[in-house]
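Okay, so chain A shows up in both of these, paired with chain B first and chain C after.
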Partner chain A sequence: MNVSLLVSILASASVYAALATAVVLVYRANRVLVFHLAELGVLASYLMVTLSGEAGWSLPASFLAALAVALAVSVLVHVLVDHWGRPFGHFVGTVLTIAVGGILMGLIGMIWSGRTVRMILAEGRTDVFGEPISTNTLVVMGLCCLATVAVHLVVNRSRLGISMRAVANSASLARHRGIQVSRVLLVVWLLSGALGTIAGIGMASLSAVAMEGAVIGVSAIVAAILGGLTSLGGAIIGSILLAFGEQMVIVYVDPRYSQVVPILVLFTILVIRPSGLSGRTESVVRV
Partner chain B sequence: MRTVLSRPLSTAGPHPPAGEARPPSRGAAQGDRAGRRETGALARRLAIGLAAIAAVGLLPTQGLYWLALGNQSAIAAISAMGLTVLVGTAGLLSLGQAAFLAIGGFTAALLVIHMGFGFLGAMAAGGVVAGLAGALVAAATARTVGIYLAVGTLALQYVVEIVLSDVEVQLTSGMGFQMPVAQVLGVELTSEEDWWYFLCLMTFLVWFVLRAIVRGQPGRTWVCMKENATVAGSLGIPVRRARMAAFALSSLVAGAVGVVHGFYMGTVQITNYSLHLSIVYLTIAVLGRLGSIGGAIWAAAVITVLPQALNGFMRALGFDLIAFGAGLEDVVLGLILAMILLEAPRRLWARIRPGRPA
Partner chain C sequence: MISTRRFAAAAVLIGAAIPAMTCARAAEPYRIGYLVDASGPMQGIFKTGLDGFKLYMDQVNAAGGIHGRPVAIDVRDVQIDPGKSASSAQELASNGAIAIAGLSLSSTHMPVYNAMARLKVPVITGFPVNLSVILPPKPKAGVYGVGAVVEILGSVAGKMARQTSPEGKRFACTVFESPGGIIACDHAVAAAKAAGFSSAEKILFPVTQRDFRPIAEKIAQSNPDVLLTIFGRGRTLTFFPAIAEAGYRGKILSAETGTGDDELREAAKAAPGIDIYSYSRYVSGGQGEGPQVEALEKAAHQAGIPEVLAFHSGGWIMGAVIADALTRCEQPCDPVRLDAALANTRIDGGGLTREPIVFTPTDHFGPSSYELYHYDRARDQVVSTGHVEKASSQLQ
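So, the complex of A and B:
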């Protein structure tokens, strides 16, 4: 296997990992499966490319602006799902995120009317083990890995992470122990929004800023399911496996069929081992 | 204590004891509304029936534009009726209803063009193939809870779009399959008006059959399964089979509608069956109250006419919304879906007129 293939596998794996981590984070906290994160990422990438291109902002400034918008949307979704939608359960919460995804896609279509734009974060090429690799790919990989690792550190090492895990375990028990559940949930949504933004911008930079970018939402959810849907580490492993399968199909079969891979993986995993690859089975109720 | 008795779980067993008092509503799914139904229920039903007959008779006099909207509503209504049984009665969230329409439509196109099938034969075949596909999805996700089903059906939606667009490119070089004129028992459906009467008849038949199924033993099984699958299993309900049956029924209806849609449009093209359409059907099912088969009919009309009405209204105010195209429709659909899910109208009503039930 050559270096450039390995790098492209790792690059898409890191994008999926960021998004799958966000999915797992929210699912652990309130049992809502988020469907709108990829759309949020697409919105952020359109904002960023518009601000840095037509408006002439610098890349970091336009990134921060896009992030701010995505975080504002995340706060709205938090209010929608965790406050207004709470009495109706997580089933309704999940459909609410689908509705939000639809609204976001509609807005993107209205503002940018399906334009496809290139967005390069870094020019030039860098030598990796003697092979020139596009610096842009490396930057995307670095950003997504950094974001994913940062969230993992927050969840596993900080006091906030402990309260997140407490809420994930039992919201009512956590409330009795003095944890402000609503605030923890807000942080969870903000983190997932930030991860969605970074993943969306990363994906857009790897291919192009386009409405079709929302397809990675399915891949990320599949990667999360592959990892057991409640395990952060599992989400990363699931992402790597999925990216590997997709790249193999792109190289050896037909690029158009790469999107079929997550679906085949999903059906296989649902039939053989619904609890995912990790040993955690707490959330999957078998019928 | 009728309201308690008519709670879904208490009457939804597969074999209720002969002596048990049954609520007058008969419907297990619509159980909690039994009390309100007793007064003036007959009059209301009569009024709805008369209004429906009047609508069927009067729409053809309103011109082609409204007739075309009516036909689109009827097609959406039939698909959404199938979906509302699956999502509302059986509690299985599906995001792939349009995929089953596509499966039915493509099956019909291949059979009609290459094997000389007629309209009704193609409709039966399309329904059966889509139903089998639905049962297969249900079987594949048999070991998981409802939320995985949403992912599974979403995945199906994507895979169907990818595979069938490939089929379309290979066989028709991307032009779509051209369908012949539909013929029902020797009568050719050529004008919008012909289609209107046919679609109304089909809507009525599907409504009647689905209602009978939901009110009968299968429907009770599904309600029980939705309330608590473990309890249902311990009561002796074969949960997996019930789940597969619900999925097969819903996708059978969708497949048959897909065939009708293909003949009505004159072409079968994969771009007609996108994820957007699945979300439209879900919105219709939610707007008409999940599980309410009749509700899907009026909700379909509302959702079909709404974009047109919105456009007309805004044009009257001096804005041209055509430029925004499908984007605005997506936004409106999403807002409706979210608002109905959060029971926004009822909450708003409670704030305007406190103490009065909406």
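So, the complex of A and C:
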């Protein structure tokens, strides 16, 4: 395997990891499996490329604007799922995110008519182990890894993270302990929205800004399930395995079968190890 | 008993209504059903063909229509769904469509053909691709094509590949997975071997694929001298930079199946070091000369279309074919009579395509020719090489 292919695998894995972490984050907090994050990322990437291209904004400014819109959508989804949908159970929450994903795609189709546009975050090449690699790919990898690690640090090393884990364990008990559950859930949705935005923009920069960019949502959910669905570390391992499997199949077997890989992996993990690679469910003994 | 005054008033009303009704009847439009992917993964290709078709029909309507009747286009967004395509065609036909035009991905064609054959409503498939069921000696009844039959498109590519690389040994064809794409690649591979390439392979990928980095790695590893891409619009922009990034430095031959010169130029700029060619049945803006080229350029300019692309030309010509058949259709024109008119078509491409569009009862596609273009990096233009491949509708 050459360096270029290895970097390509790691770049895809970093995008999947950011998105899978977002999926796990929400699932741990309220047992809702989110399906709209990839679509949110596509929306953000279209906004960013429009603002940075046609409107002439700088890349950082257009990124912040796209992030702001994605976070606003995340707040709406939080209200929809955690307030209106909560009485009907987790399943309804999941279905609501599917509906939001559909609405976002409809909106994107209406506004941008399915255009495909290139979006490069960084020009040029960088030497990696003697092989010139696209700087853009390295920047995308860096951004996605940074965002994922930051969220891991928040969850595992901060008071807010302890509150999140408490809510994940038992919302009613956390409420009794004085934790503002609604506020914690809002933060969870905002973090997942931010991760979805970064992953979407990352994938758009690796390939192109296109409606088809939303297909990574399936891979990210499979990576999250592969990692046990409640384990943030497991989501990263699942992402690496999935990206490796997909790209190996494309390069050494047949590109047509790459889209079967997530389904096969999902089937295999459900049969062999239903609780995922981490093999555990989240439990907090003391807050 | 009706009073004289009431009778006179009624007579006046009826007298006034009869001409009005006659006028309304006379102005009743010819309805053409049009199937298009307007919101799915192939919308970038097919919507532009519709734009070209509309531009032509707008011109016809502005000139008073055909036999005093306007042409109305009933559009249905079928994405790339075969079932939706067939049911939409049936719905359009039951609502008075005299013909079905356009169509989407090749996998949606046969269900529409079969559904319309039962209703005896003719189908005119647009640019970019048509299936070979329209070729002689026994074309499918009521089905016509003004695009590029996938087998012919592929065979021409094999010959064009030799033009781009006289000494080349390795050839590869890559296309998204659709019936038309697979058949086109099969024929391209066979034609390339016949043209002297010692190895020729095809590389297929899923229709929704947009991340081409691993596919580019795979192709760069096999390093063909000529790589044929049959992508339509959207993919080229993503694929060319990826394959350049993967280290490929051969020649790319892009089949014009909706890509557009604008996208080809942008993609080529992002793929330095690769020599890029394309070939097309229809001309793009600035490429051809003739009355239809001028008329399309003018109509596109008035409609605010920044650049005429090959699939605008394809849509325009489809409009010309249907308008011509409606003009010759025995009155009162119905689907069966329109089919009879279509089966005896001969119209000049007016510079938009080199060969005339000819349909006969035993050939619903006719002769076609394809021009080879080259991307000139210094001028940032797609320019003709002057090489033309003529193709008969008889499959080799």
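The rule is simple: the second predicted complex is superposed on the first by the 279 of 287 C-alpha atoms of A that agree within 3 Å, B and C clash if a C-alpha of one lies under 4 Å from a C-alpha of the other, contacts with A are read in each partner's own complex, and residues count from 1 in each chain.
Here is the rule we go by: a contact is a pair of C-beta atoms (placed from the backbone, for glycine too) under 8 Å apart; a residue touches a chain by one contact, two chains touch by 3 or more.
Bear in mind the structure is a predicted one, so any value in this text is a computation, not a measurement.
Placing chain B and chain C on a common chain A by superposition gives a clash between them. In the superposition on chain A, A:Pro262 contacts chain B only, with no contact to chain C. By the touch criterion defined above, A:Ala99 reaches chain B but does not reach chain C.
Looking at the shared chain after the overlay, A:Gly233 reaches neither chain B nor chain C.
With both structures placed on the common chain, the touch criterion links A:Val222 to chain B but leaves chain C unconnected. Within the superposed three-chain model, A:Gly53 lies out of touch with both chain B and chain C [touch as defined at top].
Contacts of A:Leu270 after superposition: chain B is touched, whereas chain C is not reached.
In the superposition on chain A, A:Ser113 contacts both chain B and chain C.
By the touch criterion defined above, A:Leu33 lies against chain B but remains apart from chain C after alignment on the C-alpha atoms of chain A.
In the superposition on chain A, A:Gly85 makes contact with chain B only, not with chain C. Here chain C runs into chain B after the superposition, and of 7-15, 43-51, 61-69 or 79-87 the stretch doing so is 79-87. Residues 106, 109, 113, 215, 256, 259 of chain A contact both chain B in one complex and chain C in the other. Taken in their complex, chain A has these residues touching chain B: 31, 33, 35, 80, 84-85, 88, 90-92, 94-96, 98-103, 105-111, 113, 215, 218, 221-222, 225, 256-257, 259-260, 262-263, 266-267, 270-271, 274, 284-287. Put simply, chain A touches chain C in their complex at residues 2, 4-5, 8, 11-12, 106, 109, 113-118, 134, 203, 206-208, 210-213, 215, 246-247, 250-252, 254-256, 258-259.
Taken together, the chain B residues at the contact with chain A in this complex read 91, 93, 95, 140-148, 150-152, 154-156, 158-159, 162-163, 166, 229-230, 233, 239-240, 243, 276, 279, 282, 286, 324-335, 337-338, 341-343.
Every residue of chain C that touches chain A in the complex is listed here, in rising order: 39-41, 43-44, 47, 177, 203-206, 208-215, 217-218, 221, 233-235, 237-238, 241-242, 245-247, 266, 270.
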